[in-house]
Amino acid sequence: MPDRYFEEFEPGQRWVTRGRTVTEADIVNFSGLSSDFHPLHVDKAYAAQSRFGQRIAQGFLVMSMATGMVPADPEKCEALYGVDKLRFLRPVFIGDTIHLEMEVTGMRERNDGSGIVDFKFEVINQDNQAVLVNSYSLLMRKRSTQ
Amino acid sequence: MPDRYFEEFEPGQRWVTRGRTVTEADIVNFSGLSSDFHPLHVDKAYAAQSRFGQRIAQGFLVMSMATGMVPADPEKCEALYGVDKLRFLRPVFIGDTIHLEMEVTGMRERNDGSGIVDFKFEVINQDNQAVLVNSYSLLMRKRSTQ
Amino acid sequence: MPDRYFEEFEPGQRWVTRGRTVTEADIVNFSGLSSDFHPLHVDKAYAAQSRFGQRIAQGFLVMSMATGMVPADPEKCEALYGVDKLRFLRPVFIGDTIHLEMEVTGMRERNDGSGIVDFKFEVINQDNQAVLVNSYSLLMRKRSTQ
Amino acid sequence: MPDRYFEEFEPGQRWVTRGRTVTEADIVNFSGLSSDFHPLHVDKAYAAQSRFGQRIAQGFLVMSMATGMVPADPEKCEALYGVDKLRFLRPVFIGDTIHLEMEVTGMRERNDGSGIVDFKFEVINQDNQAVLVNSYSLLMRKRSTQ
Amino acid sequence: MPDRYFEEFEPGQRWVTRGRTVTEADIVNFSGLSSDFHPLHVDKAYAAQSRFGQRIAQGFLVMSMATGMVPADPEKCEALYGVDKLRFLRPVFIGDTIHLEMEVTGMRERNDGSGIVDFKFEVINQDNQAVLVNSYSLLMRKRSTQ
Amino acid sequence: MPDRYFEEFEPGQRWVTRGRTVTEADIVNFSGLSSDFHPLHVDKAYAAQSRFGQRIAQGFLVMSMATGMVPADPEKCEALYGVDKLRFLRPVFIGDTIHLEMEVTGMRERNDGSGIVDFKFEVINQDNQAVLVNSYSLLMRKRSTQ
């Protein structure tokens, strides 16, 4: 689990989380939260006519669920530094089950008792297909400065 | 409003949306939706001791609210292509009011009747400070292929 | 309580319900449910500049909360027949506490084992002011046809 | 779209909105918001024995969703004036997709820089049947007084 | 209904409430409220491999829904005194319909104008099986001290 | 963390969780989920006149939040066996921050590859006062039978 101090990370470390099913209720609740009522998400009849053939989850619903799967010990992880190259590769349908796979791709020390760790961040569905990828960067505390 | 066909975009076009206040209820609901119960978001006592001095909104709550502010005519906008260089510049506190400012920064034609439009995407608070920025890319339909 | 058979109603009968406070969370949740994100309801800064000076509850949030206060024994009440002359008299602010007062104003027999009872339907705030009124008509079963 | 100043309305103008599917999650969330837990809405076994044969949406859930579909430019629309002759014509079942059709039926000038516009307000399901109708009146600003 | 003063209770009195269907949306909403995202509740793929073969409701979702079914006149019922021997006998699946059956099992007078009434508290599903039982104790006011 | 096999537990082991603030939004959402709209929870004016002087959280909201704080590795924890002697010692007000303290009080082996571990389960507020206690029993897998 990426639940450690900066010095304890190494490129190539990988973690796989438990899964969560994306339900119709999640899409409905996310529409309300984000005010995104695009018919691909909330209109069954419209979505049936689209190239997807059915309603799909909002991209940021999937991303938000995945960020909640990142273990984050507040003693070690100071902040989400940033997200790069976020791409939505495949639709997520109602009833799909997703999980998160993370791999350390780089580490950058800073002068302030912290360091940035970059992760390949992949959300994977029940058919083992990546639905969303990005480069996810966390600001981690150093053990030496605790 | 960025609610047009690909050919109608030009670099430098700008839009400013209406605002929305980020409430305690939004943070609570987003915690439940994302399973992100980090104490900076849900523990008033912990957050009071942090460098922020109070609870802050989740970064992806702010980003999700902002994506809901993007006007998206389903006839013209095909999909969210991707997000790059997403950075969280300032905390968003309970009661802050945010809005979205978008500016066209580039356009890339594709061979399939669509094109990608890149936007500078800035979420601004009530004190006119950017709290979150990124480069936001939408896949837009061409009018000529309708 | 208006929880009786058609024959048991008489003009002038009155009921007063318990109260419920309209919270910021209710407004947030109702925005999500109704997709009504008008800035008077969700933008604190905008609402501060309006003639109300602060955010107000959506009219149909107040009406929806009030309909939930109507006692409705499924054995006796068949359906909500209709609502007439619905007027929004005063704003409902965050933290206001509302209750419902109902008075029978008329009864119309039908040929099908049921009858319509009309009520003066008033939502009252903590300062004893009516915030919303209408004429509310329920389709009630007759005892004689049970 | 009824998103204009008072002087710009004319009897006979019509608008048709996009659709939205009424989900089980919407009914569950509306029960919680309104405290309306009538078994026709929340008890599958009870509803199966009713004349509807299944659970139905609350009438004010449908009405609330529809009001959220009314475009309302805060610069032009001052308030919801009132609703008359609200009737619930057909049940809305889980999975039905509804949209709103509005037609201007009348206009009444006022002396205060505003005017009332009356609309025939019809909620239509995926089989093109009206499920709910009313006369909906908005208080609109006049352009001349801006 | 257990909606009476202390002196009006007698061992053996029984009440049966109306039912409520436990939906996927209820489980999703309860996960968010409780932060209980155990895969038996939120991961369809995981639950399919478990001894239950499908997702199950959280035990305290069922218990919470049932406590909401207890009629509680604030004039007569002072507080929930306690719960003993709470056991979860059978899983509750998405779509199950539960109701509550209560029977007075004992009464204990106190010196302060109140008394404790103990109930056998059983949550029953649509197949008439108990899914949850406990001994539920309410602190009731005495009529004589009103 | 009580996140281990049956054989690894010993009486006296203790765990303390992170905290969570009980917000007005949590109470509102729990009312909707449980259908418990008792005026002590949802009517500010009523609650101001009660012996508590303000609204209080539902007992099972507090209990539900606390059960979500129990670490539960699905590989090791088979089920919640039961809860005994659940008592609500002090009110939880809006804005209170609670956490969970658990201590192993006993272990009972079973013949089926599992065992029951009993915990003293205490919910503690920001003033270090217990607001809710019970004896909480989990069905844990044995390592030897994996």
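Structural remarks
Letters are used for the chains, namely A, B, C, D, E and F, taken in the order the chains are written, and counting of residues starts over at 1 for each.
The working rule: a residue touches a chain if its C-beta (ideal position, glycine included) is under 8 Å from a C-beta of that chain, and two chains touch if they have at least 3 such contacts.
On a predicted model such as this, the values are computed, not experimentally measured, just so you know.
In this structure chain A contacts its sequence twin chain D using mostly different residue numbers, the overlap staying below half.
Of all chains, the one whose Cα centroid sits at the greatest distance from that of chain F is D. Separation between the centroids of chain E and chain F, computed from CA atoms only, is 16 Å. Our note on geometry: chain A versus chain E, Cα centroid distance of 37 Å, whole angstroms. Our note on geometry: chain B versus chain E, Cα centroid distance of 43 Å, whole angstroms.
Contact with two or more other chains is made by residues 18, 20, 23-26, 28-29, 32-33, 35, 37, 39, 46, 74 of chain B. Viewed as a network of touching protein chains, the structure does not reduce to a path, ring, star or complete graph.
Going by the touch rule set out above, the chain pairs that meet are A-B, A-C, A-D, A-E, B-C, B-E, B-F, C-D, C-F, D-E, D-F, E-F. In the complex of the two chains, the chain E residues touching chain F come out as 20, 26, 29-30, 33-36, 38-40, 46, 58-61, 63-65, 67-69, 72, 74, 79-88, 134. Residues 18-21, 23-26, 28-29, 95, 97, 126 of chain B are the ones that touch chain C when the two sit in their complex.
Every residue of chain F that touches chain C in the complex is listed here, in rising order: 23-25, 28-29, 32, 37, 39, 42-46, 55. Across the complex, chain F meets chain D through its residues 29, 31-33, 35, 37.
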